[in-house]
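For reference, the structure is listed below as structure tokens.
For clarity, chains are labelled A, B, C and D in written order, and residue numbers in each chain start from 1.
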Amino acid sequence: MGMWVGKGRKARRCYGFDEIALVPGRITINPNDVDVKWKLRDLGFEIPFLAAAMDGTVDGRFAIEMGRLGGLAVLNLEGVQTRYQNPQKAFDMIINAEMKDSTRVIQEVYSKPVQEELIVERIKEIKAAGVKAAVSSIPMKAEKFGKIAQEAGADVFVIQSTVTTVKHYSTEYEVVDFCKLRKQIEIPLIIGNCVTYETTLELMETGADALLIGVGPGAACTTRGVLGIGVPQVTATADAAAARDFYFKKTGKYVSVITDGGMSVGGDICKAFASGADAVMVGSSFTRAEEAPGRGYHWGMAMPHAALPRGTKIQTRVTGSLKQILFGPAELDDGSQNLVGALKTSMGNCGARNIQEMQMTELIIAPAIKTEGKVLQQVQRVGMGK
Amino acid sequence: MGMWVGKGRKARRCYGFDEIALVPGRITINPNDVDVKWKLRDLGFEIPFLAAAMDGTVDGRFAIEMGRLGGLAVLNLEGVQTRYQNPQKAFDMIINAEMKDSTRVIQEVYSKPVQEELIVERIKEIKAAGVKAAVSSIPMKAEKFGKIAQEAGADVFVIQSTVTTVKHYSTEYEVVDFCKLRKQIEIPLIIGNCVTYETTLELMETGADALLIGVGPGAACTTRGVLGIGVPQVTATADAAAARDFYFKKTGKYVSVITDGGMSVGGDICKAFASGADAVMVGSSFTRAEEAPGRGYHWGMAMPHAALPRGTKIQTRVTGSLKQILFGPAELDDGSQNLVGALKTSMGNCGARNIQEMQMTELIIAPAIKTEGKVLQQVQRVGMGK
Amino acid sequence: MGMWVGKGRKARRCYGFDEIALVPGRITINPNDVDVKWKLRDLGFEIPFLAAAMDGTVDGRFAIEMGRLGGLAVLNLEGVQTRYQNPQKAFDMIINAEMKDSTRVIQEVYSKPVQEELIVERIKEIKAAGVKAAVSSIPMKAEKFGKIAQEAGADVFVIQSTVTTVKHYSTEYEVVDFCKLRKQIEIPLIIGNCVTYETTLELMETGADALLIGVGPGAACTTRGVLGIGVPQVTATADAAAARDFYFKKTGKYVSVITDGGMSVGGDICKAFASGADAVMVGSSFTRAEEAPGRGYHWGMAMPHAALPRGTKIQTRVTGSLKQILFGPAELDDGSQNLVGALKTSMGNCGARNIQEMQMTELIIAPAIKTEGKVLQQVQRVGMGK
Amino acid sequence: MGMWVGKGRKARRCYGFDEIALVPGRITINPNDVDVKWKLRDLGFEIPFLAAAMDGTVDGRFAIEMGRLGGLAVLNLEGVQTRYQNPQKAFDMIINAEMKDSTRVIQEVYSKPVQEELIVERIKEIKAAGVKAAVSSIPMKAEKFGKIAQEAGADVFVIQSTVTTVKHYSTEYEVVDFCKLRKQIEIPLIIGNCVTYETTLELMETGADALLIGVGPGAACTTRGVLGIGVPQVTATADAAAARDFYFKKTGKYVSVITDGGMSVGGDICKAFASGADAVMVGSSFTRAEEAPGRGYHWGMAMPHAALPRGTKIQTRVTGSLKQILFGPAELDDGSQNLVGALKTSMGNCGARNIQEMQMTELIIAPAIKTEGKVLQQVQRVGMGK
């Protein structure tokens, strides 16, 4: 397991969504007989979809609609929503910024401090609609914000940074103790992001209820270009799933694996489950919803970083309601609408009755590259202004 | 046989047409001395080409011309031809639709119900010209339509869906029993689509006379993007051929393997036979014929799906008569004309006297990617408006 | 040696120029101390370059200049030069034809029959300038044309077709007996094209003095697209070189291996020698010479084929004299000028004193693909009209 | 270790930056607690960055700023700076030349002879600012220029050519004796370029203090296209690092490995260290600095070669000060600014406390190719004129 990349140096071959495909099953199932429910500790969800804590994707209105549709949207506690009482102007500035000024404008917008009372307000807003509220924070603010969020009635707390490990070293600030934190946060806790078997296992041991899997794969993420770091999602998800299964066998506790990022079409989502995911966290694709505050724009959450912005402002197209994106009917044939329908149809064709069975679907390695065919076709489409 | 894609997770490397090439033989043969005849149970065909049951490709007129030229065209019983007495207006609507409205317009056109008397009429129309009539249906309608078609005089019946398996599970509708169906349909029966050794074998055991091999490879098909499902055609065909050979050895019955989809040029067709095919089913390439009703347009048959349309409307160019596409003389140098001539020349160069020998031609893995050469050239052509 | 592409089906991985690179030597040599001489039986050449028998590349004037510069140009006996006393008008028709009409116009131009007296005239024209004359024919005409050419004073005879084998089967015409032919043609004889170890060895046994290696790689060649046939040049050359070395060991006769086609820049030529070539045959690159009759255009020699044209009309740019293309000084930095200088410099850097040592240079597999870098750059250049 | 590319011919698979990625560590570190210091024999540097001896990148002013920021810029002794007292006009000519005339104009500008008094002047200029002065020469001029440079007060001497080996053969000129040269040059000596374990080791044995690793990877370098020669940087660096570690074990002397060329974004630099580098030499990326004399243009140093120019004139964009490129704050999100910050963040995420630990980071093979995603996106950006 590993190929020589230099004298005395081996590297493992890892795989992404574009490189694999699913094999139809020996038995097929009517998509309507397929079950896609998902459970986070004691909370049940109709669909295994989370909306990523990105400012272009999730605000209160979006979170409420997502909850009504059976999923879970995560609100970013360090984003525009908690810095501005009325974030409309902030959005306008970002959306109207020229591509070349985007980074600078975004850095500026995010320089306003987070207001704690807005955290409370946003959570209450979502709860008032009768749906579950999930919010996210970086590790360093987790203790403080976790407390506020819990008291305000949040149902799920997410601790998220580009790369999260149990062991961290710093001479400048106090390092977060996840085990201690876990004891303070009683509501279901999701930690991320991580990508290796070892780190996944160590984070499970801190008591997390679910982990976010993915470093560097997102459409609005440039971690791999800027830092050189990144593990393709099929391998990252399969490794995390192996850790989950081992941990469950050892402890009896089932910690959900949530594949986060890099899924641009329905097929990618299907592949994430086939790679071992219990749920998926989606960013860019949800920005196409009418309910998304970014109105077709979104940007990576490492982009406002003052010294080393990572991420890029991406323009997608608003193509319909969130309901249409999740449940159809699809008006587009490109796999960006009716994501739940696509998942159910794919599961039916693979003969998987539920997510657990989908996790055992046969994968093949089948590169998407079709030099003389599809790439050219795509280039042509671009030329035709499609 | 399989590479690690994650901890405890193996995947097999599969191959498509673009990744392989044929090796010239040690002996070569005059193309005129090469035999390309094909047999479906007791029906003999001069050329091993079937036209796909796609509405942009096959109508009565096309089927008659295809029959006269020695091949077999399959008419879609759930398409425009059996929904409209005069389908001209339906075609106009689809062809004139803007790219962005295509899916919606196609969904609308296909919402009109199928008329049984039109099934009978279409078949009689083809038979009246003295050629063989082949029609296709989805599994759920197969019992009903099969009976009508057979009585109307059809020579071949095709049961086709994206993924077809012997075992299917549903609580909503009665599941098709292929063995029972086989007994009712006495004319040669083709079932599809499938891609694995196991499923191919199981479908052979139901009594099918030929199988359609291919899930997700076609130019107008987006199954892989939307559902993540798809097996590249070289591997799919070789696996099915292995099942065919095993089944023949065991039972003495030879079930034809028909590679269906993903062949855009003559070279791809040659590779399909070298991978083990007995015949090929072609869609997009035949849409370039003057006789094709789509006048240069065609669309995937999963595209009208109300909730989850899969497929895309493709525009090709009408380049000549079906006769010219099949037998030349070619006026184009891109491998889209004189497909039978290309097959015979390729067989001659590979030293294959007939299709059975062509199935044993040496394959090599030789990616088509020529980054610094051909891709660029193609991009340039696009730029020059070619 | 071989990877599974399907159940019971193996394929060997073959390599082309874009996928390999040369490793600098442990010793380096001053390029001026490097020897690139080449010998075809008893004929010595200063440089191991042949110009391909393509009508856009070689006419009498070009052949004379090539001979003066130390190489060998092959005149096509079935091309424009032997069909037209004054081929100027034929060239004008081809060059001025619209891209879409090219195939038809070329087919028309080549429908005029070959005139035997023009064969004699063209050869005498070249000989009169005091340089060696080489001419080529397809196998079927080889006996007849070989006799005429030899009597007219030709120094080298080339028998060439897309795929040439010792054993050929036909019920329509008499099959060429290469052994018999060899006895009739006393001047050095080059046969091609072939690509496998076995066929190379069998053709050597007929008495050929050199073989042309390459099926399907040329820039103006679409054999792979149309017929599916083609073996990448690194593997084809290495296999032929192994046959040559085995045959030399067994018989004491050294049969030259000439890599023919697919070399678009100096680096590709260097790689051909490192793969085992004794000489290279170049087409497209020489079309850039002021002396080439095609004035920047050239087309594959299978393109005039009446029923199944293969090849495409390519436009290159006339960039300088043949002398400049071969010996520089280069005014371009893209590897298309000073090909001999590039070869000598490469040999010097690889520590190869002569072609035989260059044939043992270390090869590495190092794909040229740089998705995020060079491809984009190239796309940009296209965009900028470069 | 090696794959068959032809009968009896093996080749090793080598890897470049685009094909690998780094895996986050099990422990992470606050980037501010990461140490990136580098030592060249007895000279300490705050950051492990060298600016390449390219005329578009380094002049006196740039070298001074680079020194002040903690790095080391190398001035080319055979470039424009030592040929012209006031090189402004030479730059104007090159920058204003049309793309098609670039090679010729550059050849002309470089035809003026080097003036020895300018060598002295340039070095004194840099030293006067209180920073270390590094200058470079080709091997043949090394003895002469090395003496002048040393006497003028240079701190580091660099001997550089496309491919440098200890053993060189020439009948035309006296071959450089690196061991003898080493005795004459007392200041720290850097030799390059090389790429293999064997040559690296042999060059270390001559007494070099550091080696430049890289043949053919740079953005402005066309060595691979013109000569076919080139080893991808991950493998080249890992091999050189293995030689360094072996040599250190054997002799106790630590010879630095400096990866030179092919790093276009911060991520590539991080990967170079993870592959085993002690420092990196950067060209194109520094041309984006306001201090670079090329004002956004740069060209390969083999480009002025009279007979065989190799390299190409590249236009980058001036995006900020050198300080901003090295230390940020980044205004761009593409990995081209705050290179030191990116390295520290990457090291922190990989759990590497210093360069030595970074050299042991886990590498994975994870091709950057995302056909259906990023390539298209990039093509779109080009189309949008970004």
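One rule holds in what follows: contacts are C-beta pairs under 8 Å (C-beta built on N, C-alpha and C of every residue); 3 or more make two chains touch, one makes a residue touch a chain.
Note that the coordinates shown come from a computational prediction; the quantities given were computed from them, not determined experimentally.
Asks: Would you mind checking the shortest number of contact hops between chain B and chain C?
Replies: 1
Asks: Based on CA centres, what chain would you say lies at the far end from chain A?
Replies: Most distant chain from chain A: C.
Asks: Over half of interface residue numbers shared between chain C and chain D means same, under half means different, so which is it?
Replies: Interface between chain C and chain D is built from largely different residues.
Asks: Nearest whole angstrom, what separates the Cα centre of chain A from the Cα centre of chain C?
Replies: One centre to the other, that is 54 Å.
Asks: Would you mind pulling out the distance in Å between where the CA atoms of chain A average out and where those of chain D do?
Replies: That pair's centroid distance is 38 Å.
Asks: Where does chain D touch two or more other chains at once, residue-wise?
Replies: 12-14, 225, 235, 367-370, 372, 375, 379, 383
Asks: Flag every residue of chain D that touches chain C in the complex, lowest number first.
Replies: It is residues 3-9, 11-14, 16, 18-19, 99, 102-104, 107, 162-165, 167-173, 194-196, 198-199, 202, 215-216, 219, 222, 224-232, 235, 264, 300, 303, 306-312, 367-370, 374-375, 378-379, 382-383 of chain D that touch chain C.
Asks: Using the touch rule from the top, collect the residues of chain A that touch chain B in their complex.
Replies: 1, 12-15, 17, 20-30, 32-33, 197, 234-239, 241-243, 265-271, 274-276, 328-335, 338, 341-342, 345-346, 349-351, 353, 362-373, 375-376, 379-380, 383, 386
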